[in-house]
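Per-chain numbering from 1; labels A, B, C and D assigned in written order.
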Amino acid sequence: MSVLGDEKTRVVVTGATGRQGSFHLGQMLEFGTRVVAGVTPGRQGQEVSGVPVYDTVETAVEKHGANAAVVFVPGTLAKDSVMECIDAGVPLVVVISEHVPLHDAMVINAFAAERGTTIVGPNTYGLCAPSARCKIGIPPNSIFQSGPVGVVARSGTLSYELVGSLTDAGLGQTTVVGMGGDRVAGLNFIDMLKRFERDPETEVVVLIGEIGGTAEEEAAEYIKGMSKPVIAYLAGKSAPPGKRMGHAGAIIERGRGTFESKVSALTAGGAKVAQLPWEVAPLVKGALKA
Amino acid sequence: MSVLGDEKTRVVVTGATGRQGSFHLGQMLEFGTRVVAGVTPGRQGQEVSGVPVYDTVETAVEKHGANAAVVFVPGTLAKDSVMECIDAGVPLVVVISEHVPLHDAMVINAFAAERGTTIVGPNTYGLCAPSARCKIGIPPNSIFQSGPVGVVARSGTLSYELVGSLTDAGLGQTTVVGMGGDRVAGLNFIDMLKRFERDPETEVVVLIGEIGGTAEEEAAEYIKGMSKPVIAYLAGKSAPPGKRMGHAGAIIERGRGTFESKVSALTAGGAKVAQLPWEVAPLVKGALKA
Amino acid sequence: MKLYEYMAKGVLAESGVPIPRGRLCRTPEEAAAACRDLGPVAVKAQVLVGGRGKAGGIKVADTPQAAEAAARQILGMDLKGYTVGSVYCEQKLSISQEIYLSLTFDPSAKRPMLIASASGGMAIEEVPEKAIIKRGIPVAWGLQPYMAYQVARRIGLGATLAREFSDIATKLYRAFVRLDAELVEINPLAVVDGHIMAADARLNVDDDAMARHGDLPKTDEATPLEAKVRALGLAFVQLDGDIAVMANGAGITMATLDVMQHYGGKPMNFLDAGGGSATGPTAEALAILVSTRPKAVLVNIFGGITRCDDVARAIVQVRQNQPAAKDVPLVVRLVGTNEAEGHAILRGAGIDAFRSMQQAAERVVALAGEGLAGAEAARGDTEGDLAG
Amino acid sequence: MKLYEYMAKGVLAESGVPIPRGRLCRTPEEAAAACRDLGPVAVKAQVLVGGRGKAGGIKVADTPQAAEAAARQILGMDLKGYTVGSVYCEQKLSISQEIYLSLTFDPSAKRPMLIASASGGMAIEEVPEKAIIKRGIPVAWGLQPYMAYQVARRIGLGATLAREFSDIATKLYRAFVRLDAELVEINPLAVVDGHIMAADARLNVDDDAMARHGDLPKTDEATPLEAKVRALGLAFVQLDGDIAVMANGAGITMATLDVMQHYGGKPMNFLDAGGGSATGPTAEALAILVSTRPKAVLVNIFGGITRCDDVARAIVQVRQNQPAAKDVPLVVRLVGTNEAEGHAILRGAGIDAFRSMQQAAERVVALAGEGLAGAEAARGDTEGDLAG
């Protein structure tokens, strides 16, 4: 089982005819994801990898019962596309788009909250539920394997690295989710931890965080009450304050969001924090045995 | 019993130290309304007719458990005052203010809908539940009497005229409510008709409409399914098209909102439409006997 | 407040909506000059009423001479009661499609609404309902591009035009909110050389919001008498009858006109004296009405906050201050707070006072020498229903 | 993007927030002239870093001579690594109270937030938590006057000041949204003669929204090297070590720096080559890094969309095109799509290639002659974990 995305998930891809959208639409199909439609205004009637393209999300939902969307449009257009998905009644919207303006991200989240929509991202790689053959987003297909580990992360390639190391160690995943690297994100650590805690198939949770913000500190509070073990890894130990390390959110500002603060909060919360990336898989293995 | 405002209604008056606010605060107290606080920013510590004045609605709610508000501030400031009341958790806000800008009225209503607040007005005389000795607004105290007639109106003085004629004829009221004369109003005819239909003490409903808009036509649809008799009176039979007859909403525009359209809709809906104001009381009497 | 077409176009241009080139002209010579600069033009009367095309208020001119002649014809022309003071000379367009687009509000849904149709160019009331798309706009979020795009596709626009339509509609929406507009209408939104532009524009600003738009140009549709009475802060509409009417409250004023008309009287005006307690403006307004020499005057006051004795004193004063008022029959219906005192004051000054709206209406119609009930009601004089 | 104080003040003034009179000066003579016009002034260094007061970047001058001297001292001064290019001469204020006011966003609540304190004038981090009021702002409705008024009363402002505070805060909020700001901070918001004005101002605009603010003045905090690499569209931060690092993805890049530091290496930079498939900008960035003559270079690529063979070819090309690159030790960790082909290409060009991040990190530190693990890791050369 998975906690987000399953066999019944029918995905519509917005920005489907773009370079990124069309490539990943194909990759998702290859993984087994039920991609039912693409959307690019003005391209109705075309196909991408055999999937029909429509002008509006509304039409894609009407014709194909899409119940998840993945957004590939450029950052400044993402707000419109995401709001269109929400308004069309799509309950899960994964926003791959990078450089979504901060105020747009706030509007997206407020509109989603009003309508009860789950937003993943922006600036995320998406999510993958290996046992359901449901990948919504851009991670490489090869790294996943079905198993008992739930993974939630802020960073993309670091997730690939660590999920790859889990898979290499024979540790498959229930669901892997990227929250995205932006400062204002939809689904957060706590939302996912709650889902993993409830999910009967998830036995251990891997939390991949980084410097900046207080999401990890807030997660630590929740972890205190969890019955399942949490293994954490945090990037940015060597980052100087005041510098934005690639991700909009990865910046130590005004003394908040430091590596030390996060490690001590997570440790206090009962999570085991790996010092180096390759320590994660052994810690997970240990937790599974316990 | 009453359908809006009762013995437990604890009223806060905003704009309490103004000319209108202070006068009507006193009139409400005289009627028996439980006015618990006034609000005027900067006037905390003062009293109006023995009622304490505060700076913010929040404080008035905290200190006195106010659960209804009546707003007397000038039209362009009404949005802020009403939103403050809504945000403070007041479930019923009566907006006396005239000349509230149209877009402000839309914002007020949308915010109220989000929070589940009932708005009466703007540009209304308010409401009165005679048996509960609860008057929230500005109608003269003398015209009301407790009894079985529910009254809902767009116009103020026309309500006084007709309620006065009911009282003179020995026909008391359960609740009398003014929707206000503006184009975008909170509570509408249908909302009130539903409440009257459910209310065990209301036996007949009087609907006082006027030209402009389509509120009466919409009400007529609802009346079709009502078990209680509805007597209607409509003002504006002699009004020419394109002229705004005092109320912002009282204008026949683009062929819509005519007197004839409303009369025929209401008649088709099963309401009895009085041709002249003094025919209302006899028609109510007849309906009560039937 | 309605803006003239040229003002509305100025707002559109500021908001980034494409408009044809054009120039406001107040003389035929200016129109000729505009045509020299712009090439062939449409010379359009600037008035605040609709239907000017059919009424001869728009003429096409291909040469400066023709533009001058057209402007000469239109300037000063009477259009539905309004004199044309200026023309807008706008480059002649070669239009391949006419679209209708407006933003207004939906009183039932309590939110703004986008209305569009592929059948532009005609009045929206004449377009069949099924050719019109209406889209409610959430107040909190405003018109988003995707919403306008969906509408554009539903009225059958192709992909490129739909994108332009969406862009224009969202810009227009921002102006609609920013300016507290009741209505922004572009009809037609014209397709010219494969692109969309606003070939006409109406923009009505909410009167109640004018205080926050001090920078907007002012226009006024009021007649001189309307302007005079409205300046007192009262709602006033001039009608075409001959009995002056004043009441307090919009609803009761309308009902008073209705009742009077029921008895055959012809109201000269709508005047809502308001529900407040101040009698100053009310008295002034009454004085103005009386000075226009109506056949009779009916005052209908339901005293709540307004005290009947104050009203009575104000009426007596108006009659005393205005010599002309002596000859104008005055009928007063007065009920409510301090009613008895009010009636006493009026009777003392020899003015008819009633408690019954019906009798007051019948009486004023009779005094004006109008209506079927005239002869009968005149007799009501002696049995005047005096206050108790 | 951060705005200079004088730019931020310009935005405030446009938005209707009261600011002291002031003028931007680029020479001591201009400062003297400003003082002649404004009277006694504060001469304030215009820099994008905080704490300029303590660092001597603000001087008060009562006479034009003093202003000239102050400007002469401040202009060209080095403030935390940035050279002062201009001063803002602002009328000297007689401040009776200093308030703190800022608008920023709350990542947890996903909405804007108003922060206020009666303890203005000091950095907000130094104000005790209980003296700070934070008020979340609903995205849909924005900051309403009553919200700001409530906050003003809670920080203890009297009725008049609270109203002014509310007015300023709501105007500021509109600017905050209109300009896509991350932060607008007024510290202090000064009480002068019983009224409030903005005595200082910071305004940071969201970089991701710059496309919609083409009219804003541009500022840049980047070092010349940062500017050069960022111009390629890549995230780059200059650090103070000597091993150049490139990886794809912000998280993995941070982790790469961490791991390298763990083994005793000192990273020269953060460079996120992105997750895309294009190798052009990546190769250019690598070439720029190499040209700065680091002690060694570490490339860490996890190939998803990025194909390892493409990356390998790009690396080989950089080495071939840059004579200088030949001498700089280059360590590559490459896994993922087309991994074997990538390793083969690199080995063919004599470049170290690893599958293990650990080994690659140890190796690059050793090659740079740094760290405790240096000697040991250098031996890793022969046992390089080649792709299978």
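The rule we apply is simple: a contact is a pair of C-beta atoms (placed from the backbone, for glycine too) under 8 Å apart; a residue touches a chain by one contact, two chains touch by 3 or more.
In this text the structure is predicted, and so the values were computed from the model without any measurement.
Chemist: Any idea whether A-C or B-C has more C-beta pairs in contact?
Modeler: B-C
Chemist: Chain B to chain D: how many Å between their CA centres?
Modeler: Between these chains, centre-to-centre, one finds 56 Å.
Chemist: Measure off the straight-line distance from the CA centroid of chain A to the CA centroid of chain D, and report it in whole Å.
Modeler: About 26 Å separates the centre of chain A from that of chain D.
Chemist: Touching two or more other chains, which residues of chain D qualify?
Modeler: Residues 140-141.
Chemist: Could you list the positions in chain A whose residues touch two or more of the other chains?
Modeler: In chain A, residues 107, 114 touch at least two other chains, as defined above.
Chemist: Taking the touch definition from the header, please name the shape of the chain graph: line, ring, star, complete or other.
Modeler: other
Chemist: Got a list of which chains touch which?
Modeler: A-C, A-D, B-C, B-D, C-D
Chemist: Which residues of chain C touch chain D in their complex?
Modeler: Those residues of chain C that touch chain D are 140-141.
Chemist: Flag every residue of chain A that touches chain C in the complex, lowest number first.
Modeler: 41-44, 55-58, 79-81, 83-84, 87, 107, 111, 114
Chemist: If we count contacts the way the header does, which residues on chain D are in touch with chain B in the complex?
Modeler: Against chain B, the touching part of chain D is residues 140-141, 144-147, 149-150, 153, 159-160, 162-163.
Chemist: Could you please specify the touching residues of chain B with respect to chain C in the complex?
Modeler: 23, 75-76, 99-107, 109-110, 114, 125, 138-140, 142-143, 153-161, 164, 181, 183-185, 188, 208, 210-211, 213-215, 218, 233, 235-240, 243-250, 254-255, 275-278
Chemist: Please name which positions on chain C make contact with chain B in the complex.
Modeler: 105, 107-108, 110-112, 123-125, 138-140, 177, 180, 182, 206-209, 211-212, 235, 237, 239, 247-255, 257-262, 267, 270, 272, 275, 302-305, 335-337, 356-358
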